[in-house]
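Okay, so chain A shows up in both of these, paired with chain B first and chain C after.
Here is the complex of A and B:
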């Protein structure tokens, strides 16, 4: 518990043993949490157990056979070049997304923090894609990124010939990343903006009197002061990036080749295109382990590089 | 276990006490004496109000402008002009797609396919909008998305408020263990459990119905964030308010319904906004669970406007997309403050 939110529940006028009133309170408590607790058991714990169980089985949906196979699915996982490709695709996507997203979010937040005219309007612009339906946003960008789409038409006005963005190995992944960055960077921008406004003005003032320039002040004061937010936003973005699905499905369908088949898309294909439920479950277990490991790793590293702990 | 992992929770509350609470005090304080302090703990108020474009009282102009000589001032003005120009340039990729979507939906296919794009449709036509409804049961699909999102939102608000209240306010044996069990849902991405959930839904005979799209989000992993936010809110609610209710002879349910719930409107609002948008945007689950067109939800339906060769019918697809996007965008522009606060704050928690 964060210290601020610990609050002692009001003392009850009861003796040592639980009185009737207290027990009635228990019943109310159990009743109130029952929906989410039962939901957690039925829709989180049970499926998690099932997915592990499935992953240990050879499952032929068409023939209706379900036989114990031990670690066979995991052995197949290790030898599967498609899985390596999808892990690499996920890795590139995550790295590209986090780097571009954090950099742009920070830039936008710093610009909006300058008390410039029209700040409110710009903030609305940058935030608006966050509320636009993901698939709708992706479809519009898909339209813009076609070989004869708006972006290449724009480039043609300057005599440039743009590539077929979504159909070429090099640009397909970049396109997916950029579309995703513009969709959600507004959220991170707001979080950074809040953090920037929490940096005490006196520190900036003192540094200014000591002759520190704008960049020096940003490096030595602002950045360390907002480092907890940067870490937090990075974690949210990385974990979120592993769950990218709709964008891939609409923009590239995993292609060209399988250059944009990220792990979740690979899992979806194995399960719902090829009916490989057992193997897909092994992929799902791998995905779960990666998400878990990333979350733990991030929190471990938190103490090492975050300067300003709040 | 979860909360020392979330440093900004406490910090945000302190911020709200300083600058963000003014707004909420007006609203809830008017009807209930003593409600002011609860404003400071309101989850959705945690961002400083300055983030939302209000004045920034904390920062003084500090007289540096007066000290600067005229030449420096002119240079600063130029620098600021440059920054504004940069902002204009940077806002293009955010604004242009929406505008391009709306204008392209008014173009006939021939104009869309022409090599040099027209910024404004030369022969605007609503023909594509008609075809949106003839090619698919689009009105039905719109209604599906709308009622599913509404049901999920109301259900989540109710379930999360109850659980959040009980975990924050009622002492009962095993409460902590149960809370940890529920929180574990935050660590499980929905993609991990999609195969077994599909099998469960299938064995219940509920494939191609809307049940899994309503029940699983309300009770399963997607609701955990809402429970967490509501619990944080109720933890900060002064106990004296409940004591007063108890003096007046209210039971637990009475205190919850008549005192705690009405005070939690801002936190509930945040929960409502992000829950609605999440359901409205759901894509993987509908394509896994639904197979007939009149059951489809919007995100799924939007991708179906293709010609016989599988190529997208752009103007029709963009018309349908426009119909999907504009209402939410309008609501956002009207209630921008609530959206930004609600989403940014829950983003922190997630």
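Here is the complex of A and C:
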């Protein structure tokens, strides 16, 4: 084929002028990326290295001592019952958040994908919490969830006596999860909505002609087609769930008992309440490893269940 | 992927690195002692952290600071008072220490006094105070210094010694047809049981709350010591090595508190917010310094703490001012502390903070500074309250103890809790921390 014999050859830079041009490109390129690279080095890579360095030390802030402790902080991790409790709390929080958030986001996205009047209004309505300040959002919920707060007041109108949401073991974690779901479900909903609108109509049409019902079309066409988005959303949500802090601090302070002391809150307590900066750094390294492992695991498993249009 | 510890500290990383490397070469851990004051090569700017944001407090501090700077131009160029919100005060302070940016002087909460004193964070200011002309160190009431001493060293000046008392809303109590608590005090019948009965009856009548232990909120349990001291109870032994939450006095006191909250509604339950000073409650146990929050919208009285089965206890809340040994100019800072708290300035500070000086502890001096309170109230609650008083629980390992006890006591704040069993669990969790 004639086309195969055509070779496109880029003009080769020759002489002094060309090499100057290459150098100029090089300088311009590196100047352009320098702010981001330097920022990442200063605020991501260096602090990460510092945390690992701190985790190998016994750091008594009050006494002003900083002594090398080897793996002592990591050995303490293995024998710390408080850490086990916080890992379990994190696990429950993550499971609850991921399941509720993704299910609700997908449901809302499917509903709002219908060509009906008013969907734009609802879309804005569900998305608006995403742009509200996290702490402001949580403080408002903390008032609603008080024993004599708005939610129990609403239930009382129907003769129901609501629980003391933030002070009882069973409901405190649920409350924190629900507050977080409502805060961020709008973002995931928009991502799902964009993915749903990218599903080719002709595939749906063909399936319909073949006699597939709505559920069958959703399961066999829509879900596989939006699976890359499901992967993205699940990674964002799981990583986000491991970072939850402000909600816990404002709503429950880790209680009742230690039922909502998730890993990040535990880390905060160790560092900033108990002044155990060395040990807290070891907990931070553990958190980093967990997040990295989960992300890699999801990334690897994408080949099995994510459908990519070729 | 973020390690959350990284973010807040990212900005200070460079400084922290330098500090960490420097610190690793230092021995540290030994309380610092200040020698003779050396004049710095150029005047320094001193910084003191405080938790008050009250403009009149800060204006008074600044006035004293400016006067010191004017008298000592070769030592200091100025004194800055930095407000850190109370809720995060100690956390922010230790973060500043971790970042290699300690203040020169700081207010220190009594709960953390043993930790700060024994760790070596604070410099021994006794030699400087002793050698300052006209300071009259012997004028300081010995019981107010106990918390801030270690052997012969004195590591902070207890500038505030605010006794706990009971503010009562006499309008609400009279409306409920209850006896005036002041009469009960006069008759020697002012006990926790009578206070609880009045609180419950008044709450039922007003539809508001009864007795509020201020700042407890089912979180800061150490504030309950103002109640359980009446039973002679304590969370741990005096030497801080044995948990005493399971002692009969503590079990009885806790059962009393539990029942007051869950059985007869004398105290608000968990999650219920009630501000006495906004008229939400019949009475509140708090420090007298809160009197400034009264706006005259209802009639009130200030009474001493009620007596419990073990009699009446005087409880005070203390705060100290310490000089950081790690600061850049501990010598100058200690010299400023001696000026800030000398007899003349202590009298000015007494406007807001009951002083530790015996010469200033009389109702007449205090009433000039506290126009809202009568001389009788000041005598019975403040002057008598500071003498022979106890402080709230303190311990060298207080931060961890505070959190652990809070988590354990959460199980008690339900209507059908087994108080004794919860306290057994509390001691099981607390004892290892006492032995650390």
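Here is the rule we use: the second predicted complex is superposed on the first by the 289 of 310 C-alpha atoms of A that agree within 3 Å, B and C clash if a C-alpha of one lies under 4 Å from a C-alpha of the other, contacts with A are read in each partner's own complex, and residues count from 1 in each chain.
In this section, contacts are C-beta pairs under 8 Å (C-beta built on N, C-alpha and C of every residue); 3 or more make two chains touch, one makes a residue touch a chain.
Here the structure is a predicted model, which is why all the values come from computation and not from measurement.
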| item | value |
| --- | --- |
| Chain B versus chain C as contact partner of A:71, first or second or both or neither | neither |
| Contacts of A:257 with chain B and chain C, given as first, second, both or neither | second |
| Partner chain in contact with A:91 - chain B first, chain C second, else both or neither | neither |
| First, second, both or neither for A:155, with chain B first and chain C second | neither |
| Which of chain B and chain C A:119 touches, first, second, both or neither | first |
| Of chain C and chain B, partner touching more chain A residues | B |
| Contacts of A:267 with chain B and chain C, given as first, second, both or neither | both |
| Contacts of A:164 with chain B and chain C, given as first, second, both or neither | second |
| Chain B/chain C common contact set on chain A | 42-44, 46-48, 50-51, 54, 148, 239, 243, 245, 264, 267-268, 271-272, 277, 280-281, 284-285, 287-288, 291-292, 295 |
| Contact set on chain A toward chain C in their complex | 42-44, 46-48, 50-51, 53-54, 57, 59-68, 146-149, 164, 166-168, 239, 243, 245, 253-258, 261, 264, 267-269, 271-275, 277, 280-281, 284-285, 287-288, 291-292, 295 |
| Partner chain A, residues of chain B touching it in the complex | 3-15, 47-48, 50-51, 53, 56, 58-60, 62, 64, 80, 83-84, 86-87, 90-91, 93-95, 97-98, 100-101, 104, 113, 115-117, 159-160, 162-163, 165-167, 169-173, 175, 178, 181-182, 184-185, 187-200, 216, 218-221, 223-224, 227, 232, 235-236, 239, 242-243, 251-253, 256, 277, 280-281, 283-284, 287-288, 298-300, 302-303, 312, 314, 317-318, 321, 324-325, 328-329, 332-333, 336, 339-340, 343-344, 347-348, 350 |
| Contact set on chain C toward chain A in their complex | 1-6, 9-10, 13, 16-17, 20, 23-24, 26-29, 91, 94-95, 97-98, 115-116, 119-121, 218-219, 269-273, 325-326, 399-400, 403, 406-408, 410-411, 413-414 |
| Contact footprint of chain B on chain A as seen in their complex | 1-10, 24-26, 28-30, 32-33, 35-48, 50-51, 54, 107-108, 111-112, 114-120, 122-137, 139-144, 148, 150, 153-154, 156-157, 182, 186-188, 190-191, 193-194, 197-198, 201, 205, 208, 228-229, 232, 236, 239, 242-243, 245-246, 249-250, 264, 267-268, 271-272, 277, 280-281, 284-285, 287-288, 291-292, 295, 299, 309-310 |
